[in-house]
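Naming follows writing order (A, B, C, D, E and F), and every chain is counted from residue 1.
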């Protein structure tokens, strides 16, 4: 049970409906998921967040599947249940195989391990890593 | 300054040298970076971590560049300076362009934002997200 | 189901009851919430934590509502379900409106995004930010 | 040293300059801080992040100082050095006194402690906390 | 409901069964817990993770109970429900008393508090802490 | 450079000096470290934090060295540089050997890895882990 009321399309304001319509059209789905219904409790956050997600997740230098895998990796690191479940779902829709999921999680696990080790020993940064592309 | 002494090749035990040799051969580099020199303060951790990283980061269902991008995304989420710098370096070596780096960070930022929003509102998980592939 | 037994007032020791009594008197409530009943499994932690929370959350340079909003923001960042729910509840009791909640979460989301970006790019700290008030 | 080149106004593209101009005009400052110069390495991220921060931090149901305190609390929780320093600076500019800073940090410390305790004991959520405003 | 199918012994491949057999023999239990059944969805991750956990948690300079307490402390800090519950269980099996659990959580809470304070005030590192054992 | 002024003994108020005196007497040292000098910018936080740390870290069901190892493990997980360095220092003073430090970090790394895996796959909690001691 969310801490705010989820807003269904039927009861939504025109402003909220406009965002919902764009989400459904962009994603070719017939309903919006609960994340958006919760954000609709604060319409400016709904609109801004959707516009941002839409821009960030559109195909660019990286393809949509790679983007979903990265999103999932961050969500797993943060332990956000909603985000892990929704992005595992979306990544599969984008073509993630079970082998890919296994490899993503293997990397996530390993990165969390070595992050803790590098921090835990306060490893000195190598000179090579300080150079920046001109 | 790391909290343990960094072990250089010249002073390393045979056990540590064997790991260093494998790192250099696998990565086609002429020295190991400080992370491994710090882990060498505890040889079993050095060997186990290297064997794991080597296995996890080898080409598989995902290519090495995609793997580096995921590693970087986790490291940025955790705010681990050493890991961010070393994996930004490695990802560039694997072919990451500046446009790709920008997109990775855009996703990392967005995922951290929506993770906090989904947790912050305790959004109910949609039924569709609970189904598991048979 | 907590990993320790929750201690109800009826079965509590005199030491635990004294803390429960102070919680109920201070907050003008007729029962203590489960957090305290779990801490009561280790009475020194119950007493110390309560004394600290009581001191920290009392009106000071910041008013109680602002304090609750900050507490909620930290809890959302950490993704602690119990804390998010209990502090959303307390903040509403202190007068938080739905618009305020929306703005708190918008800031929490944004801060988590820009924290990841600043870490992810390892942005150099501006000189102006290093000055300290005399 | 950031992992990307910081873009100064003099060498910035028209698109980046437009954002820099808006930042300087909105904040009544004569230069932009390094965070924006780093984001300028990926112009869409610069523009989107600035538009979002501008919207989120504008006065609303919460005043600008309260917003800065919340931003600082999240940044301290995440341990993001850049963000802690820049938002401590901004909050002081908005009127944060040393007593307020002390209280913010006291809450941040306490919230991180009780978040860990609630998670660590897996405390059962009280029924009262599950109710949602209609 | 995990995001991958849990693999029971009866349906497991020979490779997975070999790992399960070693887990059961090493721990003197008659079934493996769900963590391993989920990892079995990606056999290389199952095998590598088990080999690592087995090596790391074996008696060494630290005894098994101390190791479990440290594991639990990390899990509580990360708020990982599965890990908190499974390691509270394992630690009790290794002899953790309720008084010890109370003290572990008191330290975990305190450390999370002072970590946030040290980061939040960006405390300068004392010279004494920079010295490294030769 | 901390974001607040560090308060030296010579300029400290009587209230702050009383805490410093107790720290030095309890720890048998001749000066207080910077953490306390920063907290002294807000005397109630200094006093409360010291009283809490003193109570929590005193010998109890767990010995002081074990307590320091747990504190260090949490600090490494959070990536708090100040805390990692100060508690590595304190743990060595309490008798931590280099082999122990290596094992602590191995556990910290492993726990962070498996925490991410358990969260990332959203592993179902085993029934056995839900039982609570009566």
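Rule of thumb we're sticking to: contacts are C-beta pairs under 8 Å (C-beta built on N, C-alpha and C of every residue); 3 or more make two chains touch, one makes a residue touch a chain.
Only a predicted model underlies this, so the values are computations on that prediction, with no experimental measurement involved.
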Contacts common to chain C and chain D (chain labels): A, B, E, F
Chain whose Cα centroid lies at the greatest distance from that of chain B: C
Angular offset of chain A relative to chain B [C-alpha, multiple of 5 degrees]: 180
Whole-Å gap between the CA centroids of chain B and chain C: 33
Centroid distance [mean C-alpha coordinates] between chain F and chain C, Å: 20
Whole-Å gap between the CA centroids of chain C and chain E: 27
Overlap residues in chain D, where contacts from two or more other chains coincide: 1-4, 41, 44-45, 48-49, 52, 56, 77-81, 84-85, 88, 98-99, 102-106, 108-110, 112-115, 117, 119-122, 130, 133
Category of the chain touch graph - line, ring, star, complete, other: complete
Residue numbers on chain E that touch chain A, as the complex places them: 3-4, 41-42, 44-45, 48-49, 78-80
Chain E-facing residues of chain B, complex: 1-5, 44, 48, 52, 55-56, 130, 132-134
Chain B residues touching chain A - in the complex, by the definition given at the top: 1-4, 6, 33-35, 38-39, 41, 45, 49, 52-53, 56-57, 60-62, 66-67, 69-71, 73-75, 77-78, 80-83, 85-86, 88-89, 92, 97-100, 102-104, 106-108, 110-115, 117-119, 121-126, 128-130, 133
In the complex, chain C residues that touch chain B: 72, 76-77, 79, 81, 84-85, 104-105, 108-110, 112-117, 119-122
Residues of chain F defined as touching chain B within the complex: 79, 84-85, 88, 98-99, 101-103, 105-106, 109
